[in-house]
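To start, the structure under review is shown below, and the notes come after it.
Chain naming follows the written order as A, B, C and D, and within any one chain the residues start at number 1.
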Amino acid sequence: MWGGRFTAEPDDVMQAINASIDVDRRLAEEDIAGSLAHAQMLAAVGVLTEADAAAIASGLNQVLDEIRTGRFVFSRALEDIHMNVESRLKDIIGEPAGRLHTARSRNDQVATDFRLWVKRACAAREQQITALIGVLVEGADRWADAVTPGFTHLQTAQPVTFGHHLLAYAEMLDRDRGRFADAAARMDECPLGAAALAGTGFPIDRDQTARALGFAAPMANSLDAVSARDFALEALAAIAICSQHLSRLAEEIVIWSSAQFGFVRLSDAWSTGSSIMPQKRNPDAAELVRAKTGRATGALVGLLTVMKGLPLAYSKDMQEDKSQVFEAFDALDLSLQAMTGMMATAEPDLARMRAAAAHGFSTATDLADWLVREANVPFREAHHITGRAVKAAEDCGCALWDLPLDTLQTIDARITGAVFGVLTVDASVASRTSYGGTAPVRVREQVARWRSRLAAATGDA
Amino acid sequence: MWGGRFTAEPDDVMQAINASIDVDRRLAEEDIAGSLAHAQMLAAVGVLTEADAAAIASGLNQVLDEIRTGRFVFSRALEDIHMNVESRLKDIIGEPAGRLHTARSRNDQVATDFRLWVKRACAAREQQITALIGVLVEGADRWADAVTPGFTHLQTAQPVTFGHHLLAYAEMLDRDRGRFADAAARMDECPLGAAALAGTGFPIDRDQTARALGFAAPMANSLDAVSARDFALEALAAIAICSQHLSRLAEEIVIWSSAQFGFVRLSDAWSTGSSIMPQKRNPDAAELVRAKTGRATGALVGLLTVMKGLPLAYSKDMQEDKSQVFEAFDALDLSLQAMTGMMATAEPDLARMRAAAAHGFSTATDLADWLVREANVPFREAHHITGRAVKAAEDCGCALWDLPLDTLQTIDARITGAVFGVLTVDASVASRTSYGGTAPVRVREQVARWRSRLAAATGDA
Amino acid sequence: MWGGRFTAEPDDVMQAINASIDVDRRLAEEDIAGSLAHAQMLAAVGVLTEADAAAIASGLNQVLDEIRTGRFVFSRALEDIHMNVESRLKDIIGEPAGRLHTARSRNDQVATDFRLWVKRACAAREQQITALIGVLVEGADRWADAVTPGFTHLQTAQPVTFGHHLLAYAEMLDRDRGRFADAAARMDECPLGAAALAGTGFPIDRDQTARALGFAAPMANSLDAVSARDFALEALAAIAICSQHLSRLAEEIVIWSSAQFGFVRLSDAWSTGSSIMPQKRNPDAAELVRAKTGRATGALVGLLTVMKGLPLAYSKDMQEDKSQVFEAFDALDLSLQAMTGMMATAEPDLARMRAAAAHGFSTATDLADWLVREANVPFREAHHITGRAVKAAEDCGCALWDLPLDTLQTIDARITGAVFGVLTVDASVASRTSYGGTAPVRVREQVARWRSRLAAATGDA
Amino acid sequence: MWGGRFTAEPDDVMQAINASIDVDRRLAEEDIAGSLAHAQMLAAVGVLTEADAAAIASGLNQVLDEIRTGRFVFSRALEDIHMNVESRLKDIIGEPAGRLHTARSRNDQVATDFRLWVKRACAAREQQITALIGVLVEGADRWADAVTPGFTHLQTAQPVTFGHHLLAYAEMLDRDRGRFADAAARMDECPLGAAALAGTGFPIDRDQTARALGFAAPMANSLDAVSARDFALEALAAIAICSQHLSRLAEEIVIWSSAQFGFVRLSDAWSTGSSIMPQKRNPDAAELVRAKTGRATGALVGLLTVMKGLPLAYSKDMQEDKSQVFEAFDALDLSLQAMTGMMATAEPDLARMRAAAAHGFSTATDLADWLVREANVPFREAHHITGRAVKAAEDCGCALWDLPLDTLQTIDARITGAVFGVLTVDASVASRTSYGGTAPVRVREQVARWRSRLAAATGDA
C-alpha cells in the first residue's frame, strides 16, 4: 500500500495497533458519500472523464449496498475504511478506481468522513433531547399544581410544584440542545480538498463538494482542515454536560424510587428485578444513565489528552479520536432514550409528595416573608423571629400552622391571626408568582411557552 | 448567622471546610453590583423605602471602595463574600442593611455573582484571542511566501508557506473565540429573584434587575436558576479546547527552538536562562503554555465530577465550583498573553526553513500529480512510479530535481523534461492554489479577509 | 540570574507566568533541609571548607527561622523558593552562599524538595485515615447488632447490621492507607546529586544526603531523578481513590440525614443552617467532602495531562506539578478530618433503621434459602416460590411473616410453620454467619481484629 | 428471570441499556472457574450432593469448551455472562443447574470474576514491562559510551550517554511494574461468598473457594466485597501512569525520527508509509503509543466518575466498570508490545548524536565546575565567568574548546591550559561518575545490576 520502498513486512503487532477498520468501518456511509461527491466534482472540472466518474459512482453504490446488506468483507490488512472501500471498488470497476484518489488524501478524507458523522450525530441527539423535553412538558402540565418538597442539601426547604421541578430539567436540556446546535454550526465546513495538508494544484471546486455533502462552506485553511479535531472535542463537551444533567435527574429517580421517599414508581417496562431478592423493583435504567456520564467524561478527557501538544498537520495519534467519540454518542443515545421512556411512564405518588412537602416547617420562609411584608420587620430580624417559632413548633411536636396564636405572639407581638393564611403548602406555592417562580399559574404559562417552542422546533425538523 | 436553634458551635474543621471567603472574595465587584441592582428594584416596586434604598446604595458603594483600596478586612467567621459585605454594610448603615436580603437568598445571589463573573471573563478572553489572531495575521502577511516544511508525523511531507501555517492557528482560535461567544450568549440570563429555589411572593421585577446587571433576560425557572452550573462547565470546555490549541502551537515553538530545527528564535524578553548552564535559551513560556492545558482539563473534569448526580436544587457541593473556574480562566489569561507576546517577537530563520522544506523529497507528490495531470496516469499508478523515483534519488544521494531525465524515463517513459518545472519547493507551493491551499496568492487573500474581520471585531468592541 | 548574555529584560507577562514562588514557597522547610544536608555532605567530602559549611548552616537556620516566624519577604523577581532562600542567605553570610550550589542544580533541588514534601504528606494522610478507621471501628462495636436496611439500587435488599456497614468503610480506607504507604515506599529515593540531569564530577556522597533527608537510598539514574513525576501521580491516584470512598460515605450521610430516611442526625458542630430557612440542618460538611473528590480527580487528570509526551529530561512544564498536588492533599486533609468529626458525633436513629429494614419484604431471601435448606428445593425454583409469596404479601398489605401459613402452603406445600423462625430481621442478620457476613457475632470478631491492628499501627507510629 | 411479579415486558431500550453480555462475555473463563470452585465447595460442606456437583462440573466444562471453540451462542435476552452460562448449563444438565446459585448472588459472582480478570491482567502487564526493560538494558549495554545530547527544554544542556538515557526509562518502567504488583497484591482477596451483600446462612467455606481461585484470602466484609471497585481504579491508575511514561519515550522517538534530529531510524517492520507521499517513513507506532495514554486517562476518569457518590452496596452503575477497564488494559498491551518491538529494532545514528551533543556549548557546566574545583571560585561566580566565555565563543562562531587561551584568560585570569582537558564531550560524560551519573562506567554498573534483577524476575516467573 505504501509503494515499493519497504523491504520488510510490518510486524504483526504493528498491524494490530495500526489498523483502524474495526472502528472506522462505522464511517462507511460517510466515506462513500464523500467519494461520490469528490468523483462528481472531478468530472465537473475535467479531471476525470464522465465515463470514469460514472463507473466510480456505480461501483461505489454497489459497495454501499454490499455494506448495508452485510455482504461486505472487511479486511484488517487494508487498515481502514478508505482502503477497504477503494480496494473493493477496484475489484468491481478496475482501472478507473485508481483515479478516484486524485487531488485528495486520506488526511482530508477521514477529516471529512468523521466531521460529517459527528455533525449528523449532533442533529440526532438534538431531536432526542427535544423528545425528552416534550415528555417533561407534558408532565409539567399534568402536575402543575402537585405540591412536592423543594430540597436544598436534600433537606426539605420550601414546597414547590412537581411541574415546576420537571421544567427545571427542560431548561437544562434546552441549553444542551443549543450546545449541540452551536457545535454543529461551527463544524459545518468541509475539509475535503485540503489533500494531504497543503491543498492541491488540480483545479478542484471545493464549494461543489462542500455543497454536495451538505456543508455550508469549505474550510479556509488546508493545514487546519486536516489537523483540527476541536469539532469532536466540542461535541464531546456537549455530551458530557448533557450527561451530567441526565445524571442529576437519574439520581433523583433513584432517590425518589426508594422506599423511604416513595415519590415515584417506575413502570414495569423500566424496572428490573433481582436474581436472589424477588421483591426488588430496581431503577436500573436510571442508575445506568447516571453511570454513563462516566463514559462521556472519560471520552472527553481521552481526546483532550490525545490532542495535547500535537504539532501540525496530521499525526497518527489522531486515529485514536473515533472510538471514544462513537462510544460517547452511543452512550448518550441510550441515555436519552431511556430517560424519555422512564419519564413518560413513571407515576408520582402525589399524596406522599404533598405530605413530605409539609414536613420540616417548610413554610418557615413564608412566615418570615409575612413579617417583612405585613409588619415591616427587617428581613434579618424576621429570620430570627421565625427561627424561634420553628423551635417552638419543634418542641411541641407540631406543624408551624398548628402553633397557637398566643405562642406566636409571645415570640413576637406583631404576629396576627392573618399569618395562618400563608403557612400551608398550597398557600406557599400559590404565593410564589415572581417570574420563574413555582406558582401553578407561572408553571402553566411556561408550559404554554414550551409547547409553542416545541411546535416550532418540530415544524423546523 | 443561622438563627438561634443550634446549641453547639461549629467545629473548627467544619469552619475551615465550609468557609469560602478565601475564594469567593473575588466576586466582590459582582456581589455588590447585584445588591445595588436588587435594592434599587426593591425600592422601585415599593418593598423598600427610597430612603432605605439610598442608604443601602451609599453603604454598598463605600464597601466597594474599601475593597478596591485594600482597606476591607475579610472575615472567615462570616464564611463568604455575601455575609462579609452585608455585615460591613450593617456596620456602616445599621438597620436598613437588614432589609437588603428581602426576596432573595444566598442561592440566587451566588448564582448571579458567579454567572456575571464568568460572562465577563469570557468576553475578556474573546478580546485576548482576537489580539493573538491579529499577531498571527500580521505574521502571515509578512511570511506569505516563506517556504517551510509541512509536516505529517513530524516528517517532512510537502512544502508549505509559513504564513499559511500561522493562519491555521488563526482558524482554530477563531472557533475558540466563537465558543466563548456562544457560551456567553447562552449564560446571558439572570438568576436573581429565584430566591432560595422557588421564587418569591414579593412583587419583584426580575426584568429590571436583569437589565441593570447587563443580562439579556431573567432565567425562566427558579429551581434551574439556583442549581445550574452548566454555564461554568461550558466555559471550562471552551478554555480546555482553546488551551489544547495553544498547546499545539507551544509544542511547535519548543521543537522549532531546538538546535536541530532552529526554525525560530524567541526574543530575549520571552526566553529564560539556566542557573547552571549559562548558554541556554529556554522556551519556558511556551512550555508553561503547553502545561497549562493540564490545569484547564483538570478544572473541567473537576467540576464535571462535582456536579455529577446532584439532586435539585442547591447542594453545598456547588461551592467547589469557583476555585477551579478562577484558576482555569487565569491560566488561559496568562497563556494567551504569553503566546501573543512570544509570537509578536519571535523571528523565523527563513533560510533554515526553506532548506528543510527541500529535504526528504518533499515534492514527490508534485511528481505524482504531474503524472496524473500531464500523462493521464491513474493516481494509484502515479504513486508507485513516484515511489521508484524517490528510491532512485535516495540511492544516488540527490534531490528529486537532480535526477537525470533519463533515469526518470527509465522508471517511466511518459516523464518529460517539463517535470522539472514542478519539482522545486517554490513551484510546489505556488501550484497549490485550491481554495484554502498554501499558495502565497491564497494566503494573501486570507490575510485580507482576516484584516477586514478583525477590523469589524474591533469596531464592535 | 541567568548570566550576562541577555540584552533585554523579560516581559512582565513572562515574569508572571514563570514565577513559581507563590506556590513553591510551601516547600521552604524541605528546601532548607535539602540545602543543609547538601552543604554538610560537601564539607564531608572536602568540596566545602568546614568554615563555609558552618556559615551556610547557620545562615540557613536563620532563614528558616525568618520564614517560620513570618518575617521573610518573598520576592517574585527571584522566581522560586530556591533563589529566594539562596539570595537571603547571601545577604546574611556573603560569599560562602555562592558555594552552596556546587554540584547541584535547581532540577535535582526541586525534585528533592517536592518528593520530600509528598512523602511526608502521604504519611500524614495515612495517620488521618487510621484515625477515621478508629472512629468507624468504635461505631461498629457500639452498633454491632443494630439492624438497618442493606440496600442495592437504594432499594431495601436484606437487613444488615449498622456495625457491619461501618466496617465496610474501614476495609476500603485500609486499602487507601496501603496505597499511600506503597506510594511513599516507592518514592523513598533521593534525587539530590543528579545535578542538572547528568550527575556531576564532584566527589559527592549521595548516600549521605539521602540518609540525612530520611530517604532509603539515592535514585539510580540522574535523568530519571530530575524528570520523574510518577511519585506525584501515584499520590494523586491514591488521593482520588480515597476521595471516591469518602464520597460514597458522604452520599450516604446526605441521604441518611434527609427527613425521608432520618437514619442519622449530625451533631450541631457538623451541621449548618440557612440564611433564609431557619429550620434547616444541612449536612454541608458531607456535601463538601463529596465535592472534594472533584478536586482530587481534577488534579490527577491535570498532572497526567501536563506530563503526557514530555521528552527527557527537565521541561518547564513540570513546574505546573505542585499547585495541583498541594490542593489535592489539602482537600483530602480537610475531608478526612471532617469525616472523622462527623462520624464521631453523628447519632443513628436505631428505631427508624430497624423499621426500614423490615420494610419491603427484606427477608425474602431468607425464605428462599429456607426452602433450599430445609425442603431441598433447587435455588432457582425456591426463588420463584418466594416471588409468589412476596406477591401474596403485597396483595394483602402485610409483611411476609404476617402471611397465614395456609396461604404460604397454597403457594408451596413444602413450607411449614418452622419458616416463621427465619423471617424476622433479627433472625435474618443473626443467620448470616459466613466469614465476612453481617451477623453480630462476625462483626464483633472483626472489631476485635481491627482493634489489635490499630493498636499495632499506633504502636508503630 | 426476575420471578413472576412483573406484568409488562421490559422496553427494548431498557434491554439494550441493561444487557452487558457484549462486554462481560470476556469474563467467561473467570465466571466458569468461579462456578466450578463454588460447586465443589458446596459439595464439600454438604449443601450439594456429590452427584449434583459432578454434573455441574461436567456441564460447566462443556460450556467452557463451547465458548473456547466459538460454538457458544450468546444471548442478549439473558443479559450477562452469568445467566448465559447458567442457562446453557441447564440445557445440558437439567435440574442440578438450578442448585448452583445457592449461597451466592450475581453481586459476589461478578465481583469475583472481574477481580480475577484484573489480577491476571496485572500479572500479564508486569511480564510485558519486564520484557521491555530487558530490551532497554541490552541497548544500554550496547550504547553505554555513545554520546548524545542531554536536553532540558529540548535545548542541549549537557552531553550524556545514550545507554544512560535508555536506563532512565528502565527505572520508570520498574516503578510501573511495582505499581501493578502492589495493585495485584492488594486485590488478592476473594469476594465470593458475600452473596447479595450480607453473607449467607449456608455453611460455606470461603477459604476453600478463595484458595481454589488462587486468591490469598476471602474478603473480610460482605458489603465491601460486592461494592468495592477500587481494585479496578488502582489498576487503571497504574495503566495511566505507565502509559504516561510510554508517551514520553514515544514523543522522543517521534522527535528523534524527524529529519532535523535524525537520531534514530525505525526498522521497516515498525514504520509506515503514506498513500500520497511515497517518500515518507512515519513513526506511526510511536504516535499511536503516545495517543493511547488518552484511552488510559479517559478510562480512569470514567470509572472515577461512575463510582463517585454511590451508596452501598451494589448499584447498577457499577456495570459500567468493565468496558473501560478492558479497553485500557488492551491499549497498554498493544503499547507495550509495540514499544518493545520498536526499541528492539531501532538503530541510532551515533555520529549525528555525537555531533549534536557537541553543539550549543554543552560543556559550559564543565568549565564552571573546573573553575570551582581547580581555582576555588564560588559556584555563582564561576557561572558568570562561564557565561562570558560562552558569549565570546558565540561571537567568534566557534566551540568553547576552540577559544584561544588568552581570550579565556582575559575573561578570568585564573583559567589555565588545563581547562581544555574537560571541555570535550567525551571528557564531560566520563567525568560524571557520581552515583546515578551518566559516565560509561556507571552505566555499565547499572546494566549489571539490571541483568541480575531481570534474571531473578524471570526465575520467579
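To be clear about the criterion, a contact is a pair of C-beta atoms (placed from the backbone, for glycine too) under 8 Å apart; a residue touches a chain by one contact, two chains touch by 3 or more.
Everything numeric here is computed off the predicted structure, so don't read it as measured data.
S.K.: Among the chain pairs C-D, A-B or B-C, which one reproduces the interface of A-D, with more than half of its contact pairs identical by residue number?
M.R.: B-C
S.K.: Which chain pair is joined by more contacting C-beta pairs, A-C or B-C?
M.R.: Spelling it out, more C-beta pairs touch across B-C than across the other pair.
S.K.: As a quick test, compute the distance in whole Å between the mean CA positions of subunit C and subunit D.
M.R.: Between these chains, centre-to-centre, one finds 23 Å.
S.K.: In whole angstrom, what separates the CA-based centres of subunit A and subunit C?
M.R.: The computed centroid separation for subunit A versus subunit C comes out at 33 Å.
S.K.: Where in subunit C do residues touch two or more of the other chains?
M.R.: As it turns out, subunit C has residues touching two or more other chains at 2-3, 5, 101, 151-154, 157-158, 195-196, 254-255, 274-280, 282, 284, 287, 290, 293, 297, 300-301, 304-305, 308-309, 315-316, 365, 383-384, 386-387, 390.
S.K.: Could you list, by residue number, the parts of subunit D that touch subunit A in their complex?
M.R.: 1-3, 5-11, 13-14, 16-18, 83, 101, 105-106, 195-196, 254, 267-280, 282, 284-285, 287-295, 297-306, 315-320, 324, 334-335, 337-338, 341
S.K.: Which bits of subunit B are touching subunit D when the two form their complex?
M.R.: Residues of subunit B touching subunit D: 151-158, 254-255, 257-261, 274-284, 287, 301, 304-305, 308-309, 356, 359-362, 364-365, 368, 383-384, 386-387, 390, 394.
S.K.: Mind listing the subunit C positions that touch subunit D in their complex?
M.R.: Going by the criterion above, the answer is residues 2-5, 95-103, 107, 150-154, 157-160, 164-165, 167-172, 175-176, 178-179, 182, 186, 193-204, 206-207, 218-225, 227-228, 230, 233-234, 237, 240-241, 244-245, 247-248, 250-252, 255, 290, 293, 297, 300-301, 304-305, 307-316, 365-366, 369, 372-373, 378-381, 383-384, 386-388, 390-391, 422, 428-429, 431-439, 442, 446, 449.
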